[in-house]
Amino acid sequence: MKINGRAGKQCVSQRIRIPAMVLALLCLAAAPSMAQLAPLSSDTEACISCHRMATPGIVGEWEKSQHAKMTPAKSLQLSKMERRMSATDVAENLRNYAVGCAECHTMNTKFHPEDSFDHNGFTIHTVVSPSDCNTCHPTETDEYSDNKMSQAYACLMDNETYAVMVDNTNGLDEFNGSGFHHIKADETSNADSCLACHGTIVKVTGTQTRDTVMGPMEFPTLSNWPNAGVGRINPDNTKGSCSSCHPRHQFSIEMARKPYTCAQCHKGPDVPAYKVYSVSVHGNIQKSMDKDWDYSAVPWVVGKDFTAPTCAACHSSEIVDESGNVIAKRTHRFNDRLPWRIFGLPYAHPQPIDADTSNIINKAGLGLPTELSGEMVSEFLISPAEMAKRQQTMENVCSACHTQQWIDGHFTRLQRSIETSNFMTLQATKILSTAWEEGLAQGANPFDEPLEIKWIEQWLFYGNSVRFATAMGGADYGVFADGRWVQTRNLREMADYLKFLRATKKAQDKK
Amino acid sequence: MKINGRAGKQCVSQRIRIPAMVLALLCLAAAPSMAQLAPLSSDTEACISCHRMATPGIVGEWEKSQHAKMTPAKSLQLSKMERRMSATDVAENLRNYAVGCAECHTMNTKFHPEDSFDHNGFTIHTVVSPSDCNTCHPTETDEYSDNKMSQAYACLMDNETYAVMVDNTNGLDEFNGSGFHHIKADETSNADSCLACHGTIVKVTGTQTRDTVMGPMEFPTLSNWPNAGVGRINPDNTKGSCSSCHPRHQFSIEMARKPYTCAQCHKGPDVPAYKVYSVSVHGNIQKSMDKDWDYSAVPWVVGKDFTAPTCAACHSSEIVDESGNVIAKRTHRFNDRLPWRIFGLPYAHPQPIDADTSNIINKAGLGLPTELSGEMVSEFLISPAEMAKRQQTMENVCSACHTQQWIDGHFTRLQRSIETSNFMTLQATKILSTAWEEGLAQGANPFDEPLEIKWIEQWLFYGNSVRFATAMGGADYGVFADGRWVQTRNLREMADYLKFLRATKKAQDKK
Amino acid sequence: MKINGRAGKQCVSQRIRIPAMVLALLCLAAAPSMAQLAPLSSDTEACISCHRMATPGIVGEWEKSQHAKMTPAKSLQLSKMERRMSATDVAENLRNYAVGCAECHTMNTKFHPEDSFDHNGFTIHTVVSPSDCNTCHPTETDEYSDNKMSQAYACLMDNETYAVMVDNTNGLDEFNGSGFHHIKADETSNADSCLACHGTIVKVTGTQTRDTVMGPMEFPTLSNWPNAGVGRINPDNTKGSCSSCHPRHQFSIEMARKPYTCAQCHKGPDVPAYKVYSVSVHGNIQKSMDKDWDYSAVPWVVGKDFTAPTCAACHSSEIVDESGNVIAKRTHRFNDRLPWRIFGLPYAHPQPIDADTSNIINKAGLGLPTELSGEMVSEFLISPAEMAKRQQTMENVCSACHTQQWIDGHFTRLQRSIETSNFMTLQATKILSTAWEEGLAQGANPFDEPLEIKWIEQWLFYGNSVRFATAMGGADYGVFADGRWVQTRNLREMADYLKFLRATKKAQDKK
């Protein structure tokens, strides 16, 4: 039998199945004081009595959380603006207890027909999903379900165009002396790459018996686990993982408001948001001065609790002034404040209408919101009126610190940055099209040849970098670091690559 | 009428123009307590009474500042070493009030003939410039005017050689089937790219009426606004923006002493100072231990207030020991402690004599402080004696923690690093010159062809990275990350590129 | 005479040699209060009396250290788990004093026959080595001597294969019109590059007289100084520098537990551990929440003192639960918890048996732990049984917060990531081998031609990045930023490069 091997454990029961309640009593002596915690339900007490030993890290972390210190009843006594829960009431049995293990992992069994299982006398489910969080946070869950992020699995994997790109990235290439034999990407590699952020499909595929510190126990087997991607498909068929941005088990608003959370997925060359932020004045103020900020305050008072925006401040948080006037309403549909999607596909374009973008298709039959010519595929994209509305919502955030002239100047630059980077993408597309037309590259799979890869990087890395640098005021990133400099360099290298391909072909044709 | 759209505003007067004083009274009730602030002038009180609502973020931020808590009079009571202002006195009407909105935005109107305007009964100017800060901080303003950074606009844009490089980076390239048609960089793109750090030309170009939370108001139109570049050309014709490093409206010495401020412009591959610092022992100590430092102390005691240098400690700050002995005098002329300019153009060279380097020209007619052969253009550069003096000033800083042998070892390495990286730049130059001579590239514009771009990166990215890594003790950055490894790789790729160009030309000549 | 040039020094004695004790008395008046410090030995008092003035930064820093606040005797009164020293007793003359200057720099002279010298009446040595730290920390010193890091000099420089790579990186290349004349890397450049992390050879090469704030003094000349590389060869012939991770003179466990310390050497594209960590959930929690952590607690309680692992938590620290059960024992042999060495050479492989890997050689005569075909050179590598044991030790750390299914899922991915990245390295090797066979590149030096450099980057940058991203849960880094995307791109570019070399050769052969 494989055991966990920890030295010094005093109340481990191995091999012998002991009822949970008895275990609880056995372990209770070892439990440190739980002062300052809200009252725990007896079920949660039972969970903790063993898990304090089995997984001490998460029990300790949870004890630092608001969930451990508040009860729904106490939360409901707060003014609406100060409240962190959007439900106006919760069931009687939840009201006066901390939100503990049992409250999230054993309630709502009706929503978890597939993944509920017996665990020491409790019916529990491992994967807490939006249907669980919905109990206390229905507004957030609703909004998030209409956020592209919750649909991130389908947006990527159910779009044929992007699915090819995923396969090209995660699959294998076997060299055969001159070219390659492609081996399709396996599920494990996808889960470890794109889907780590986009979300995997987690479902119960069977059961297994595992040795635990409490002896052997039976558990459901979960596919593609672990995962905390933003668009995770959960065993209960809901989409999304609230713990993507509110990581287990502290679920802290402080963490979600800090830029390091967003940086988990938005730091790479494709979406260099964090890198841009870190060279912006906003990012400098945040990094330099935030030891004096209150990231946990609800509502969040600009100028008092924080003096420069983080990602959350601009895109999600409720922001008020000292008198309680609301400058921006909280939203978990992050494009509420975004007219443009500066993430080019391949051109920057108005935000898509639907959160699920997998049905978008252009005239050429590609799953793109723009034509290769740069034209917008308007039927899938929000209208100019809607864009103006969202722009205004964002400008309200800016106006907490900036004059209208400042704001106008900023957005004039963003407009120009979109135009110029789209223009430079168009030139790259012209070069690639020329190669396709001349038979120097094969457009059937537009993602696998060096010239195609350079084309992709033109928009995915450099176009995006230029636009993010402008949008978030981190200009330095938009010059040399994957910015305008590289955008020009890559374009010119593409033209030379075309010459190289032409020369090679001519030499080959001569033979 | 477009309004700002904030919900819940209680004292907004729309459409109807109400005199500022009346507005002030109307709004005063909403103002939170201003305890702990120094006495405010009645003008500043009037500003705040409305701006607490109009721009609550900056009012709140300002209230956290020393400017809000101190008066010049109180500052003058401190010992000279503890004082943050260098003026020995200020005008009667400033002496006993906090340094508030009115003190900076309404005084000195005589210096602002172009950009002063009437705003609710006050004559104000938007862009606070060194001529304003000079009132209390004349030494800093003087020193800064002799710092290359204050001249950063001219240094870049008035130097014909660099101006071409700027245009190549920010302009557009239209593909025409084989080559490119270049479209000149527009002012907006320049402001959003190079000039974001170097500074734009801000001047009044007209007036405009804007809707505000207080109703429609008339404002001057500012060109290239916003900008906080170090060499901004202000409407009053002064150069520089103190808020580049002391961001509005907290103007905190703490922020200027933290490396994140410098990182706003000094993190990219051209000047990777922050990246190098972050892998140095100094950077590690700073990041790991600075929660126990006092970044606000004046004077700044080494070993007590901080235990490893930040950018400011080595290049700008006044540093003393616990007994008050001055180890380094404060300077806002940052090359006071720098013998070499390790930022290669294209070779590392002694610091230029003048802060404005736009007149530098080499024998070949290029605006460079070195010849392409590596020779120095000595007439524009400081003498060996001056270099030795600056070296000694820097060594004094090192000696606060290091022995002379340690220091000598360090600078021996820097000397060698300058030699070797200059040598590797020279080899790249030889390859490019060969291409120019053989007609494989066109030197007329030395910045736009792939081989030329690789040459530029040889010194601008890799040579600089190697030297910064040595100079700031972040050796790891100088190996693989844009360092010696890439310096070698790029050079060898250039040689292969030359072969490719030769082969292509031969094939073309045959036709 | 060159003097240090500090203004305001009051007790500097120049040119005139004054006995240390007299100097001490002279300087004592200037010494700030030393409350809260443990009793100082009279020797340390003498050191400090002058060095508070000569090097105030390090004296101040040391005063913040545990060494200054504790005595060995007080430490020995703590429970074994709370103790930071592993010696069960120390010499009488050390027991009741702070661990000060004299305790580390003047004791153990018998171990320092080469580098001891007379300094104001004391026999001291500059370079404190593991033989000194061993006095109080013998377990740590022992473990570390069996850690690859302590052998990092030999591992790199005494392995002929890697030595060529070092020389290629740090040496110079002189362009001769078509190819290059290579100039061997000099000692100074090596010390400033690879050996900054790996460690230099520091030995006494003579003596020199230097001017100090105390007047001229004689010191031994140290080669390759300064250096704090992990495998430094010290003048006393010991290997390693404890201050690599416990930087002078605070020697803080807090710093060693923070990831910024490891980042000094593990942030570049070859070992992007810190970059991966910074986009992992662990790294996010650490950066977002660690203001509430206690990094100095001994023992370190998971869930209480910290809520997500840092580098140290997984690889080195003693971790306990709140009841004092040990989850992981402290180790300074960092591969105790590592079955695989994911740092590919060129393929990921089981950890080497010996810390000194300089004797490893494969069938082809290369100093690599794998064949170019991907086969393991098993005789130098740990057995599957040993791998399983180390895996279990690491899993114990994971199990503090994660279930076994979570852990299994994680390690399944790591296994697959090793397989796929090794596969992609193999394909790159096939391309390079083809080039070697066809005479298009010269394998004699496998590190200096562009195609070879691309091959090296395939495993050193991209293979490593993919594996580190998986191993440390920072998936985003493993996609676009030097990850799978670039792994594929580089492979395909290598195939095109092969075509280019073939075409160039054919053209040349025709002539």
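To keep things simple, chains are lettered A, B and C as they appear, and every chain counts its residues starting from 1.
Methods note: contacts are C-beta pairs under 8 Å (C-beta built on N, C-alpha and C of every residue); 3 or more make two chains touch, one makes a residue touch a chain.
Just so you know, these numbers come straight off a predicted model, no measurement behind them.
Homomeric contact subunit A/subunit C is classed as different-residue, with under half of its interface positions used by both copies. The two copies, subunit A and subunit B, are related by a rotation of 120°, based on C-alpha atoms and rounded to the nearest 5. Centre-to-centre spacing of subunit A and subunit C amounts to 34 Å, using the average Cα coordinate of each chain.
Within subunit A, the positions touching two or more other chains are listed as 291, 500, 503, 507.
Touching subunit B in their complex are the following residues of subunit A: 278-281, 283-285, 287-289, 291-292, 301-304, 307, 321-327, 329, 392-393, 395-396, 399-406, 409-410, 412-413, 416-417, 420, 423-424, 427, 430-431, 434, 469-470, 475-481, 483-485, 488-489, 491-493, 495-496, 498-500, 503, 506-507. On the side of subunit B, the complex with subunit A involves touching residues 4-10, 30, 32, 52-53, 55-61, 63-64, 126, 168-170, 172-175, 177-180, 186, 188-189, 191-194, 196-197, 208, 210-212, 219, 221-222, 224-226, 228, 247, 250, 252, 254-255, 258, 260-261, 263-265, 267-270, 291, 448-450, 453, 460-461, 500, 503-504, 507.
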